[in-house]
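Just below sit the structures, each encoded as structure tokens.
Next come two complexes built around chain A: one with chain B, the other with chain C.
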Partner chain A sequence: MKNRSAIYLDVIGIIGAVLAALVIGIIIIFCVSNEPISAIHAFLVEPLTNAFTLGSVLNRMVPLVFTGLAIVVVFQSGVFSMGAEGQLYIGALTGALAAVYIPGLSPWLHIPLVILCSIVGGGLFGMLPGLLKAYFKADEIVSTLMFNFIAVLFVSYLLNNVFKDASSGGFARTPYIQDSAKLFQIIPGFPTHYGFIIALLAVAVVYLLLYKTRTGYELRLVGKNPLFAQYGGIKTKKVIVLSITISGALAGLGGAVEVMGVHGALKDNFSAGLGFDGIIVSLLARNHPVAVIITAFFYAYLQIGGQTMQANSDVPRDLAIIIQAILVVFVSSQAIFNYLKQRKASRTGGASIAK
Partner chain B sequence: MLSSIWEQFINLSLIVIVLRMLPPILLGALGGLMTDRAGVINIGIEGLMLVSAFSSIAIGAWTNNWFLGVVGGTAASMLVSYAMAFFNLKMKVDIIVIGFAVNIFGAGITVLLMSILFGSHGNYIPATPVSIPAIVIPFIDQIPVIGKLLSGHNLMVWISILAVVFCYFIIYHTPYGFHLRATGEEPSAARSLGIRVERIQYSALIWSGFFSGLAGAYLSMGMTSMFVRDMTAGTGFLALAVVIFGNKNPFGILFGSLVFALAQAVTLVIETAPGNAVPSQLIKMVPYTVTIIALVVYALRKRSYKKIRTSA
Partner chain C sequence: MYDLLEMRNIHKVYPNGTKANKGVSFSVRKGEIHALVGENGAGKSTLMKILFGLEAPTEGDIYYNGEKIVLKSPKDAIKYEIGMVHQHFMLVPSFTVAQNIVLGSEPRKGALSSLADHKRAIAETDKLIQEFGLQVDPQAKVEHISVGLKQRVEILKVLYRGARLIILDEPTAVLTPQETVELFQSLRKLVNQGYTIIFITHKLNEVMEISDRITVLRAGKTISTLDTAATSKEEISRLMVGRDVLLRVEKGPAKPKETVLSVRKLSDFTETGKAILKDVSFELRAGEILGIAGVEGNGQTELINAITGFSKTYEGSVHFLNEALSGKTIKEIRDIGIGHIPEDRQTKGACLTSSVKENLILDLYQDKQFRRGPFLNQRKIRTHAKRLIEQFDIRTTSEDTLAGSLSGGNIQKIVVAREVSKSPKLLIAAQPTRGVDIGSIEFIHKEIVKKRDEGTAVLLVSAELTEVMSLSDRIGVLYNGELVAVLENSEDLTEEEIGFYMLGVKKGEKKAVTS
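And now, the complex of A and B:
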């Protein structure tokens, strides 16, 4: 277990990293922009000041929470899955099929059914690389990257050839989903939809699963020390398969919620990297499910900020992407954090000797 | 449709397309190979290629010289790979994380620079086209079949094939290559023998920056003559797959790259063939599926090899 002061140092370090990355971003803005002040204002202030952009930030946050949680679960069990992107597509596919082709249900029945379908779809698809890793020792990094391509191409094939809506023209998508499967705005007029609530529930479920159940304990133990876990009688292979299956289910659910809350249909290439964004969200959260809420919000804030900056100034939104990359590197710089901890330790140690 | 593939195969244009598709996959995979042999998995090849693709065409167009473009692009990619090595080895950032960060950094910085320098978000086409030349071999290009097979390919096609021999030589026939392999197989043992493991890993990452840089330069100045945002479109990940597929051996990788390039070429032919019946997505899926199978076969073989070793 981490003690309180270690967590405290971690948080201080992460905030420092965030500030450093933002400062670098601001320096870049000053270098490239003719109107740096209004660019910075549009980037950092505007997303939070008006109801529409704030609602958009919360909406953008929803899929990031799901993919972030998906990565939390695998990373905690020591599995380096990069497969959230593909799992998201498959979950969105199975969810969307249930949402489009089952008419005449009440929303109370239809939405849970869609959620169930997406969980099963994403979970089963996630299970594949898990089985390959556990029973064939196939490296999961490469296999999940390959499964991503397969999933995106498979969904694209289905959208272009099997489930294509005749009225969609040149753009490949399914017919629109039934009204009973739509996730509407929580407060009419404020853009955030009910998927936000589902995302918060998912955080609670993952937290309870990881920290309050036997399965979660086994999962974390396998991540910390697989050999020890195995000697302790934990069936590591089953745990690995289970963790990546849960991860797939979460990512798949995220895909279906995007379909139900934002797009209203399954569209070709609708994700554009949400699964990979989940990796960043999870890394920034130090793989803790509750911290994912904060980091997903921050990440969504950067993305929406980038958009408003591009719309209102001469700085392109890709600056936000660079800040994200720098942030990931800073936050993951173990050397800096170890240095901080050592310095603290040597200081307190020195004090106790002096006494 | 099959007849049109057959036709293209007979008149050799399929082979020409395969060779055109080959360099980015092959060079990227060789970059992945060098780090893989040193025990470092570089998933940032995609980002390195993008950085080079943009900087090479920007510098090439600015100086109006393709060679300076290639040098500049490769240097930019090597610089980023040096930063990767620094953050991985000195700042102790996990190599998967840093590779991942380089991928998003590459996507971001190229579009940012493109929109600042050239005012465009989508693509950049220089006013006077600049490209790596094709090599037309005099006399041989007159011979019917051999001419089409050997002549008229882009210079980078030949460089990439030479690079295979070069990597083979470096890895298996130099002291450096021996150190590289020792570092990858058992770093602690290598260190106890006095091999400077960290320095080897630095150099391996920079090699991978070098090869990814050449691959990127070819993307923007050979295969096409423009830069398009995210134009690597997964080639860097494909390259990782090829490393596995080719059993971490330079010639195996040449074979694997040819298979992947063939799959891409067939996709291209089918997409453009009149009245095609097979959806292109299904064909594009083939190399990825084959890679997963190769991954399993490779892992199984390694396991049985270990069994033999322990029983003996």
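And now, the complex of A and C:
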């Protein structure tokens, strides 16, 4: 009874936040631009009107789905990991090594192998702060943030010193990956690559895992009420480690898919905050794996829109970042939702008393 | 006497849609003790929150001394000399009694100074104590004084703020019988000095003893206001639940069989090394109910934690059917046939943000019958939940409803349903009916007795003395971590006697350890 109307209000609240952020963005455009109409057109309409930009939006969406899912899993189990960024790099590294240095495999073997390597790499790296939290009570927010530095700088070191492609012309990157490990365009000519399909599959897997399996029941229960889970005999420490390991695997897979589908090599600083964007994507989705598809799309749309606007008008793409920041403020202010719920309850007189 | 306060046609709808008050009318005369009774979820607390300015009514008016008033916050309520003593104490443990009493309106050293004047605070507290005869040491730290004294501090706090109308929310819930008697004496004194008291409770004995008039709420509506002298416990309970209820638990004599639980020389210590359980030994047999009475905080929680596997630091031994429990995990202990109704259903016994269904399968989600390949068998889980909802009369719109949107009594029924339906050989019931309405209490008591008759050994731990006395076959009393007595429950055993053990006045006579 209550669940459905609560979801409805959540959705209304989020759409309201999105619209308000967009309106503020448009006001800013009017303030700073000499050609506001064409800027707005480039920002909001263009990404959707031509196949190239739409395909780019979908491509940009792919890593956001992975990091968004990574955050969904940990947030639902009450672990506040900020480590998706680092996990993404480590997964991209292990995946890229398999993609670059194992020659002569068929794509049917090579791509799954790369995926597996990235999952293992990201997962194991995610597991470390999980173990520290579960067995040494290290605060996961702090430790995962620190682990991000370790991962990003470690990968950077390797790219500059160990795996650097001699023919890269000064860029810190690995040699290009084998053709057998490349994710090609789904429809030739339309930019979106097969990583998009993998991302959708990941959404399905995470949804089933969280809501339909015993492990998911444990994960969510530990997130909602750890004492109750413990009382029921669930080993909460193992669940915490498992949740952040799964999260790491998802983020790591996202990193490898970027390498296979977009960059064709592991490049230094290729992510630039995809792991942190995942937090916003997950918050906008109210930590629901299926809603991540929508919020990741929207987030990618804003970013691509920012780029087309920068290219076609006098407004810099930083405007998109402003809108993102406003969104974060809105969405994280729970108070708005509570207010909406209260108003609805007092207007309709509410449901019958649950006695 | 005239109506000091009148609340007319109060409606309150909470944001989640719960209608807590549906047209309550309630009036209090100056200088009376007015009992406000009703089952849990009847709307008592909401009504009082409105009166104290903590909640705004959706509809309805409040009149004070014949004048319409609007209470936007407790500050407004205090302005109209209305004060409230909450069920859960709101005191700063590390402050002294005097500091707690003056907190927020401290006397200052001079008009412009921002420094609190401790001497004057103590002097003013002393004056209050003398005036009302509520004895307590103003310089004692609150963390060191007993629950009964803490409550006095709460009352003094309200008096210090100038309240003339005092709301007491279930004040006796945490008190021993002796402390209750003292509280009632203080309340009488206050009334004699012209104060007015609203007394919220669901203990009918107390209602009859202390109140002048009684207002009964049921399902968010006023059912009736009665003169205490002209009514009876039976009538009030009928009005409260809308039907006749058994106040005594009907049960036959126990037929104890083999020993199920054997606790030997159990001791446990706090992190600082203070003993909280001292050499506790007892045996519990199949088909009997052993009640553990005692003021809360005398080792009950630690005893339960040791048996259920939450604590592993204890000394001594706990055996279940000749098997030591010390090396087992919580899961293993649950799986060998020990059911556990925990003392706190809000945090431990249930997950309020999960659905009823998910709360009911806590033990069973790993069971083969609820699997379908790698997935949970949703259909079976649903059928299982539906069966328990019906069998245990859990009032919920569906098995998918969030547990937290049900009333306390129904949440507790979820816990009881889950723990009892697994047919445990040992059932540990800690505060099984705390904060639960009379209808549910009756139901839960019957379930516990039914389990006993089916051969379950029941360990009942309750701060509610009448509950222990009406359910148990034997009664043990925990005082200061010691099991100071284990008594056969017979007609001759009185509440007063157990009260003496609970307060450490009497000791010894461990005559019937094995019954």
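The rule is simple: the second predicted complex is superposed on the first by the 345 of 355 C-alpha atoms of A that agree within 3 Å, B and C clash if a C-alpha of one lies under 4 Å from a C-alpha of the other, contacts with A are read in each partner's own complex, and residues count from 1 in each chain.
Rule of thumb we're sticking to: contacts are C-beta pairs under 8 Å (C-beta built on N, C-alpha and C of every residue); 3 or more make two chains touch, one makes a residue touch a chain.
Source: prediction; values computed, not measured.
Asker: Touching A:316, do we find chain B (first), chain C (second), both, or neither?
Answerer: First partner only, chain B.
Asker: Counting only touches as set out at the top, which of chain B and chain C does A:231 meet: first, second, both, neither?
Answerer: Second partner only, chain C.
Asker: Name the contact category of A:142: first (chain B only), second (chain C only), both, or neither.
Answerer: After superposition on chain A, A:142 lies in contact with chain B alone.
Asker: Answer with first, second, both or neither: which of chain B and chain C does A:205 touch in the superposed model?
Answerer: Touch status of A:205: no partner.
Asker: With the two structures laid over each other on chain A, which partner does A:329 touch: chain B (first), chain C (second), both, or neither?
Answerer: A:329 contacts chain B only, not chain C.
Asker: Is A:102 contacted by the first partner chain B, the second partner chain C, both or neither?
Answerer: neither
Asker: Quick one: chain B or chain C, who's touching more of chain A?
Answerer: The partner with more contacted residues on chain A is B.
Asker: Using the superposition on chain A described above, determine whether A:186 touches chain B (first), chain C (second), both, or neither.
Answerer: A:186: touches no partner chain.
Asker: In the superposed arrangement, does A:279 touch chain B (first), chain C (second), both or neither?
Answerer: first
Asker: Following superposition on chain A, which residues of chain A contact chain B and also contact chain C?
Answerer: 338
Asker: In the complex, go through chain B and note every residue touching chain A.
Answerer: For this pair, the touching residues of chain B are 41, 43, 87, 90-94, 96-98, 100-105, 107-109, 111-112, 115-116, 121, 234, 237, 240-241, 244, 279, 281-282, 284-285, 288-289, 291-292, 295-296, 298-300, 302-303.
Asker: Can you check the complex and tell me which residues of chain A touch chain C?
Answerer: So the residues of chain A touching chain C come out as 1-3, 5, 208, 212-214, 217, 220-221, 224-225, 227-235, 338, 341-342, 345-346, 348-355.
Asker: Residue numbers of chain A touching chain B in their complex, please.
Answerer: Its residues touching chain B are 28, 32, 80, 82, 132, 136-139, 141-143, 145-147, 149-150, 153-154, 156-157, 160-161, 276, 279-280, 283, 316, 318-322, 324-326, 328-329, 332-336, 338.
Asker: How about chain C: which of its residues touch chain A in the complex?
Answerer: 13-20, 22, 41, 58, 219-220, 310, 329-335, 340, 342, 347-355, 358, 361-363, 365-366, 371, 374-376, 378, 395-398, 400-402, 405-407, 410
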